[in-house]
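Report on the structure given below.
By letter and in written order, the chains are A, B and C; residue numbering begins at 1 in each of them.
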Amino acid sequence: MSPNTLEAENLHLWRGERHVLRGVGFCLPAGQCLKLTGANGAGKTSLLRTLAGLMYPEEGRVRFRGADVREDLRGFQGSLAYLGHEPPLKADLTARENLRYWIGTRRRVSDALLGASLARVGAEDLSERLVRTLSAGQRRRVALAGLSLCAVPLWLLDEPATNLDTEGQGLVGSLIAEQLARGGLAVAAVHHELPGLAAQHHLELAA
Amino acid sequence: MNFVWFHRLGSPPYVYALAQRLTPWLAWPAALLILAGLWGGLVLAPPDYQQGDGFRIIYVHAPSAWMSLMVYTSMAVSAAVGLIWRIKVAHAVAAACAPIGASFTLAALVTGSLWGQPMWGTYWQWDPRLTSELVLLFLYLGYMGLRAGIEDTQRADRASAVLAVVGVVNVPVIHYSVTWWNSLHQAPSVMRLAKPSMAPAMLVPLLMMLAGFTLFFGAVLLVRLRAEILARERANPWLKEALAR
Amino acid sequence: MTTLPDAGAAHAADVSPVTSFGAASLALRRDLTLAFRKPAQLIQPLAFFALVTMLFPLAISPELSQLRQVAPGALWAAALLASLLALEFLFRDDSQDGTLEQYALSGQSLTALIFAKTLAHWLLTGLPLALMAPLAAIALGAPNSSLAGIIAAVVLGSVTLSLIGSIGAALTLNIKRSSVLLSLLTLPLSLPVLIFGARATQVAIGGGSLVAPLELLAALAVLGVTLAPLAAGAAVRISLE
């Protein structure tokens, strides 16, 4: 199996008349993190969604483990975890149920593992609470628990520390560090500096 | 070599220029054929032994109905091409087709209704063909409504392409079910828009009208296509150069 | 502090892959669970169905013998409109909270997941509608002998209506004030179901053999099952672009 690498080559993306991504390219080897920065509307979310295969670039390619992701898009998407602006949680399910139904469509996970992941993010006492009763920060923590449960080599994160306090931001940093230590990759779009995030690469997008 | 031609068809500047050059080649023959067909059908052809002079509206009704279906199919095919191979010009073609097809459908309905009046005594009967045309009109309106409802052009293109393909698959199903429904409630044949048996003097003008309408569609499509390309490529530099020339 | 499994290491006891079928049945269970936490929403389409059925005697005549003539059409018009009303909820919530996007990114067949969602939606709206149809039929003058046939016809027809509706619902995701557009798109495509369904109901009321009409409805349902989730999946991906 080829080592985990993510490459973007000359990505051009138009949204309507706006030329959002103008020849974006990078090469991210295993165990490293790419930090994306830029003003609002610079294209951070668009780039993440293009890397995830949700958006289709007019030009350019994305390569994972050396192979063009378009060749086996479903397989590629099974190897990545994408976290957007909003945590993907159903308000009428408990935190634990949410994780079971969300991660359960990708991997069969045991209850013990669910509990462990919630504990890791400091949300074990939230596990039986309905998500609609949780604050934005608490939902974010539950989403981060799901992220680690995915057990995938590539993480694509859009502002992962939104709504989190300082301790929470440190949590994000350490989760990413653990992912990198396992030989995984992470691309994180951040607005502010993330304490504890050691990003080896930095890409600044201009609006 | 063929591939190059296909690729160039995907390029908006090329298509824009090509459309401009081709339009007169379609428009003039269309005008001639339609005039000749109208002359032949309205003046020269003998009156039908059963329907008298009333049948003459077939010279507008039948080509309109035929075109309404043909345009929908063309729209669906170009939408599918745009969807599968991601060719933006194909989506522009589909967008340009829709109002033309809807107009043909409306014309077919109006002429069908006018044809029916002297025969049935009313302006409307649930004749299977008229009913199918009416459903087709709603399919067109749905397509245009979906396009209008989505602001992002690219998403509008792709969503309406899915709708057009689903619609074109459904058209035979709808047509079959409407015909079957109508046959259950056997109306006397005088209630149907029956084509009178065609002598050559009647048939030739009809074929000329059909050919004329097809070329007319082609010409109008090219004009609308250029307008679509203009709207879509507003920001692109090649357009400013082309217009300056 | 407990540690989590490595991305690459094997530990089948805790984490193992899931097939598309497994994912789809999980999606089905999730939607059913969610629906039963808000049962009030399930009643609405049924109430609407009853209301529309009531319009006909009030508008036409209280005479059952007269209503019997229009019963097939009235029943199916009401069923069609009620199922249209329920369609909006098929994808809307999932699209807004981001779970639909996660389905598209799960690495599983989106077609299978959407089929599971549509099936859940039918179990929650179409099937109850079919079970309520005999009541509406009686209210419109249908004889008791026709009720079994009517249930069968509405079961088959409502399956197809849910499937066709899923395409329209996916196409109009996140469009403002889309309910009229959704109806405009879905109704023409649903006309064959209306025609065959009303015919089946008429045959049931008249006491004839239902084999042929039900076979036609079943054929439409099969066509729907094979094509609709695919089209709806394509439409969902387009809405995520």
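One rule holds for everything that comes next: a residue touches a chain if its C-beta (ideal position, glycine included) is under 8 Å from a C-beta of that chain, and two chains touch if they have at least 3 such contacts.
The structure displayed is predicted, hence computed values, not measured ones.
Chemist: What clusters of chains are still held together by touching when chain C is ignored?
Modeler: Result with chain C masked: one piece.
Chemist: Using CA atoms only, can you tell me which chain is the most central one in this structure?
Modeler: Centre-most chain by C-alpha means: C.
Chemist: Which chain pair racks up the highest number of C-beta contacts?
Modeler: A-C
Chemist: Could you state the distance in Å from the CA-based centre of chain A to that of chain B?
Modeler: 48
Chemist: So how far apart, in whole Å, are chain B and chain C when each is placed at the average of its C-alpha atoms?
Modeler: The separation of the two C-alpha centroids amounts to 33 Å.
Chemist: Let me have the rounded angstrom distance from the C-alpha centre of chain A over to the C-alpha centre of chain C, please.
Modeler: The mean C-alpha positions of chain A and chain C differ by 34 Å.
Chemist: Give the residues of chain C that touch two or more other chains, as numbers and ranges in rising order.
Modeler: 241
Chemist: Two or more other chains in contact with one residue: find those residues in chain B.
Modeler: Correct list: 154.
Chemist: By residue number and range, which residues of chain A touch two or more other chains?
Modeler: 56
Chemist: Which of the residues in chain A come into contact with chain B in the complex?
Modeler: Chain A residues touching chain B: 14-17, 56.
Chemist: Can you tell me which positions in chain B touch chain C when the two form their complex?
Modeler: So the residues of chain B touching chain C come out as 83, 135, 138-139, 141-142, 145-146, 149-150, 154-155, 158-159, 162-163, 165-167, 169-170, 173-174, 176-178, 180-181, 184.
Chemist: Touching chain C in the complex: which residues of chain A?
Modeler: Of all residues in chain A, those touching chain C are 52-56, 74-75, 77-80, 82, 84, 86-93, 97, 101-102, 104-110, 112-113, 116-117, 119-120, 148-149, 151-153, 178-179, 182-184.
Chemist: In the complex formed with chain B, which residues of chain C make contact?
Modeler: For chain C paired with chain B, touching residues are 167, 171-172, 175-176, 178, 181, 184-185, 187-189, 191-192, 195-196, 199, 220, 223, 227, 231, 234-235, 238-239, 241.
Chemist: Hey, which residues of chain C end up touching chain A in the complex?
Modeler: Where chain C meets chain A, its residues are 1-8, 13-18, 22-23, 26-27, 29-30, 33-34, 37-38, 93, 97-99, 101-109, 113, 237, 240-241.
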